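Next come two complexes built around chain A: one with chain B, the other with chain C.
For the complex of A and B:
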C-alpha cells in the first residue's frame, strides 16, 4: 500500500463547518467570498530567460520563464509566430504531487493558461515573423509550480503574463538565407493583458481564489479570462457540479471586476504601460 | 534523590558514559551513549533516553489515536493517523465476525472524510498498523473542532496523570479528545473552544519549558476573569 494519497481528503467536520460559514458569507481563513489572498508579483528573477516572474497568491507559489527562440512556423499559419505554454508540478510542491509524467490536472492547467493568452491575442504573433513560411520567433513559456495551496490556474496565468510583459528578446536578421542574431533587444509585440479569474461553487456559495481545502470540497469550478477591454476571451469549467444561469452571469461580472484590479497589479509590478 | 540529569542535545552529541540501558533515540557505542535526535536527554536509573522536540507519530499498540478515513476497500477502511503509516480498520472489527462484503456496506458505518477515535490494535513496523474500536468513547466523532499538534508534545498536553488536560477542560468547560498521534478534538461552546485552542497552542509552543501547568492556568485564569 502506498503511503501517498492522490488528493486531499477534507474531514467531514471541516467540510460542514466550511459550508456553514459560507452560508453566512464568511470563509475559513477570514476572507470575504470575493476576496483574493495577498498577491505578490516579482519579475526578472531568472537572469538567463528572456522574461520571468514569480507569483505568490497566499501559499501558492509559481515561477514562470519565457524564452524567445527562432523556429519554423506551422504549415497552416506561415505568417504567425509560435506561442507554447507548458506547466510542471514539482514533486516538492505538494504532498500529493508525484514525479513522472504530468497528470491530467497539470495538462489542463497548461492548456487553460495557454488558451487565455492565445485567445485574448495578447501577443501579436503576426509581428513575430522573420521570413514568412520559413522562420518565425517562437515564444516558450515554461512554468514550475513551487508550492500548492489552491488556485493554480490564476497563479500560473499571472506568472506567465507577468513574464511576457517584462520579456525582452534578441532580434534576428536573415543574411544569405541564414539567421544571425543582432544587438537589438525588443519587448514582445503585446496588445492586451489577459487576466484569468477562477471561481468555485461550494454548496450554494460562489467564491473566488479557492484554497486547496476549498478546491477539495468544491462542486464546480469556472475559470474566465478577460482582456483589457473587459471582453471574456476564454473559459474553462471543471468538476461535475453545475452553475445556474444567474451564477454564470455574476461569475462573468466578477471576472471583469477582479480582472481589472489584478490587471493594475500586473502593470504596477512589470512597469508595463501599454 | 531520584537524580535525573537533563540536557538539550543534538544528533551525535555524547549524552553519558557508563553502564545504562538505552531507552529511546539513543545510540550506544561501547560505554558511550549518543543522541540520534534533537531534543531533551534524560539520564536516570531507568536508563538513557532522548525526548525529541519534533518528529512523526510512530504507532504503539494500545495508543488512542484520532484518524481520518481516507479510503476503503471491500474489507477495511484506510485511516490517516497523522503518521508516516496509514492505518487499517478491518471491517470485521466493526461488523463482527460474520462480516460479508456482499451484505454489509462499509460506507454505512464510516464514509471517506469521517473522523474517528480508535485504538492501535496491532503494529510491528513490518505491516501497516491495525485499528480497533473496542472500548469506551471509541468510534465516529460526530462534531468538534480538530487541532493538530506535534505528536511528541502530546504527553505535555495530557500532563502528569492528566493534570494539564483536566486544567484546560475545567477552565473552558470543553471536552478534549487527545490522540497520541497529535490530533485533538475539542467539543464545547464556541468561546470555550477558542480558549482551549489558545491553551493548546501555548502548550505546543512552550512544551519544553518548566512550570507549564502554571502558565496555562495563568492564561486561562486571566481570560476567564476578563471574559
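For the complex of A and C:
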C-alpha cells in the first residue's frame, strides 16, 4: 500500500534521521507531532452519485461515491437497511499499486473504515426500511484511492463521511407489491459524525497523520474513531510494532481532541448542521 | 427472544460475573508433524495452532536477507459455526490473519532466522466469541513449543460491553447481542500492546475500564499459557527452587 519502495539501507537511514528529528519535536515536512497536513474536502463532485466527496490530505487523494439503492434485508435484521463500505486502491494511485484482487492491507483499510462508520451508528438504518423483512434501502459507499501519500485510513474515512453527509436519495413506495420511485429526494437519516484519527509510533514518538515516508518506517499504527459526543466507537492497531498502555490511553485523548477539529471541517464543507 | 445479558444479581447469561473468564484449557504438542503445536479451548472455542519453520521460503523472492518472514493463516472450518461457513477465506479471515501475525511478530526474534519462513496455521474447529484472542494465545504457545526464539509470550483476551456494563471476555451470544467488543493482546513482561481492535460505543470512562479489564484477562491467560508449557516440558507444574538445587 506504500508508495515508498522499501530498501533496507535507505529505510534504516531515513528512520534514524526521522527519530533524531522527532526527539526534537520536529518532522521531516516541518509539522508538529500532532498536526495534520492541510485537509481539503469537496462535496457533490459526481452528480450521478447520491452523494460524493473528494478529500485530500497532503498529497493523498481519494474520492468517495454513495449510491442508495433498494435491496433485501439480512434475515437476522429484517427491520434494518443496509450499509456497505468498500475501498479500492486504483493502479493509478502509486507506482507500486497493481491491478487485481485487493491485498490484505486494502481489505483491512476497507473494513476499518466500514467499522468506524457502522459502529458509530452514524446512519439510523432502522429508518431505511420500505417494507419490513422484504425491501430496504441499501447504502453503498465506494472509495477510489487516486494518489497515495500516507494516512489512507483517515482520508478514506473522511471521504465516506462527507459523501454520506451530503447525500440525497430517491424515496421509493410499494404499490401492489412492486417498488416505484417517487419524486421525493431526502437526506440520509444521520445521528452522529464519526471521525477517525490515525497515529503512528516511530521510535518512542507518536505522530498523527503519517505520510507515506513515515509509514514506511513506523513501528505501529493506531486508528481510533470517535463520535460527536466524544465516545470512542471503533479502533484498530496495525503493523508489527507495539504501544505501551499509556500510549494507548493518551491515543484515545488525542483522537477525541483532533476528531473534534476535523468534525468541524466536515460540517463546514458539507453544510451539515445536525 | 432476546437473552437477559445481565441479571439483577449482576450475573451474565452463562452465570459468570462481569470480570470472570470462561474456562480455558491449553494443551501443548498435539500434532506430530508440526515443529510446534497447541490446542486451546476457550469457552466453546476449539482451536488448533501449528507452527512450521524456520524453513526455506517459497516463493523465494519473499525471503528477507536479514530476518525471517512470519506468515499466519487463520481459518474457520465449515462446521465451526451455527450455519455452514464457506471454506474459502473470507475478508474477515484475511484481516484477522493479518492482525494475528502483527500481534505475534513483536515477540518473535525474527533476526535470529534470516532468509527463512515461519508459518503459523490456525484452524478454528468450533467458534465462540473471542476466537482471535484464543488463536493468539494458542499460536504463541505453539511458537514456544517449536523452540523458536521469543522475547516474551503473547497473551490475549477481550473486554466488551453488555447492557451498558463493561465485562471481560465476551462469548458468542454476548458478542452478537452486546454493544461492544475490544480484543487486546500484549507481551506481559514488556507491558506492550501488540493487538488492539474495538467496535462499539464506549465513553471515555468505559474505554479505560475495558482496557484495564482486558489487561487483567490477558495476565490470567498468560498464567495458563505458562502452566501448559511447564506441564509438557517439566511434567506437573513449575519445578520449585529446592528441587533444582
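For the reader, a short list of remarks on this structure follows.
Everything that follows uses one rule, which is that the second predicted complex is superposed on the first by the 263 of 274 C-alpha atoms of A that agree within 3 Å, B and C clash if a C-alpha of one lies under 4 Å from a C-alpha of the other, contacts with A are read in each partner's own complex, and residues count from 1 in each chain.
The rule is simple: a residue touches a chain if its C-beta (ideal position, glycine included) is under 8 Å from a C-beta of that chain, and two chains touch if they have at least 3 such contacts.
Here the structure is a predicted model, which means the values were calculated and not measured.
Once the two complexes are laid over each other on the shared chain, residue contacts for A:131 go to neither chain B nor chain C.
Legend: residue contacts after superposition of the two complexes on their common chain; A:13 is shown touching chain B, with no touch to chain C. Ranked by how many residues of chain A each touches, chain B and chain C are led by C. When the two structures are aligned on the shared chain, A:171 is found in touch with neither chain B nor chain C.
Using the contact criterion defined above for the overlaid structures, shared-chain residue A:185 touches neither chain B nor chain C, since it reaches no partner. Contacts of A:249 after superposition on the shared chain: chain C is touched, whereas chain B is not.
Once the two complexes are laid over each other on the shared chain, residue contacts for A:40 go to neither chain B nor chain C.
Across the two superposed structures, the residue set of chain A contacted by chain B and also by chain C is empty. Residues 65-66, 70, 91-92, 94-95, 97-99, 101-102, 105-106, 182, 186-187, 190-204, 207-208, 211, 215 of chain C are the ones that touch chain A when the two sit in their complex. Residues of chain A that touch chain C in their complex: 8, 104-105, 107-108, 110-111, 115, 118-121, 222, 224, 227, 230-245, 248-249, 252, 256. Residues of chain A that touch chain B in their complex: 1, 3, 5, 9-15. Contact residues on chain B toward chain A in their complex (touch as defined above): 68-71, 78, 80, 84-86, 111-115, 128, 141, 143-146.
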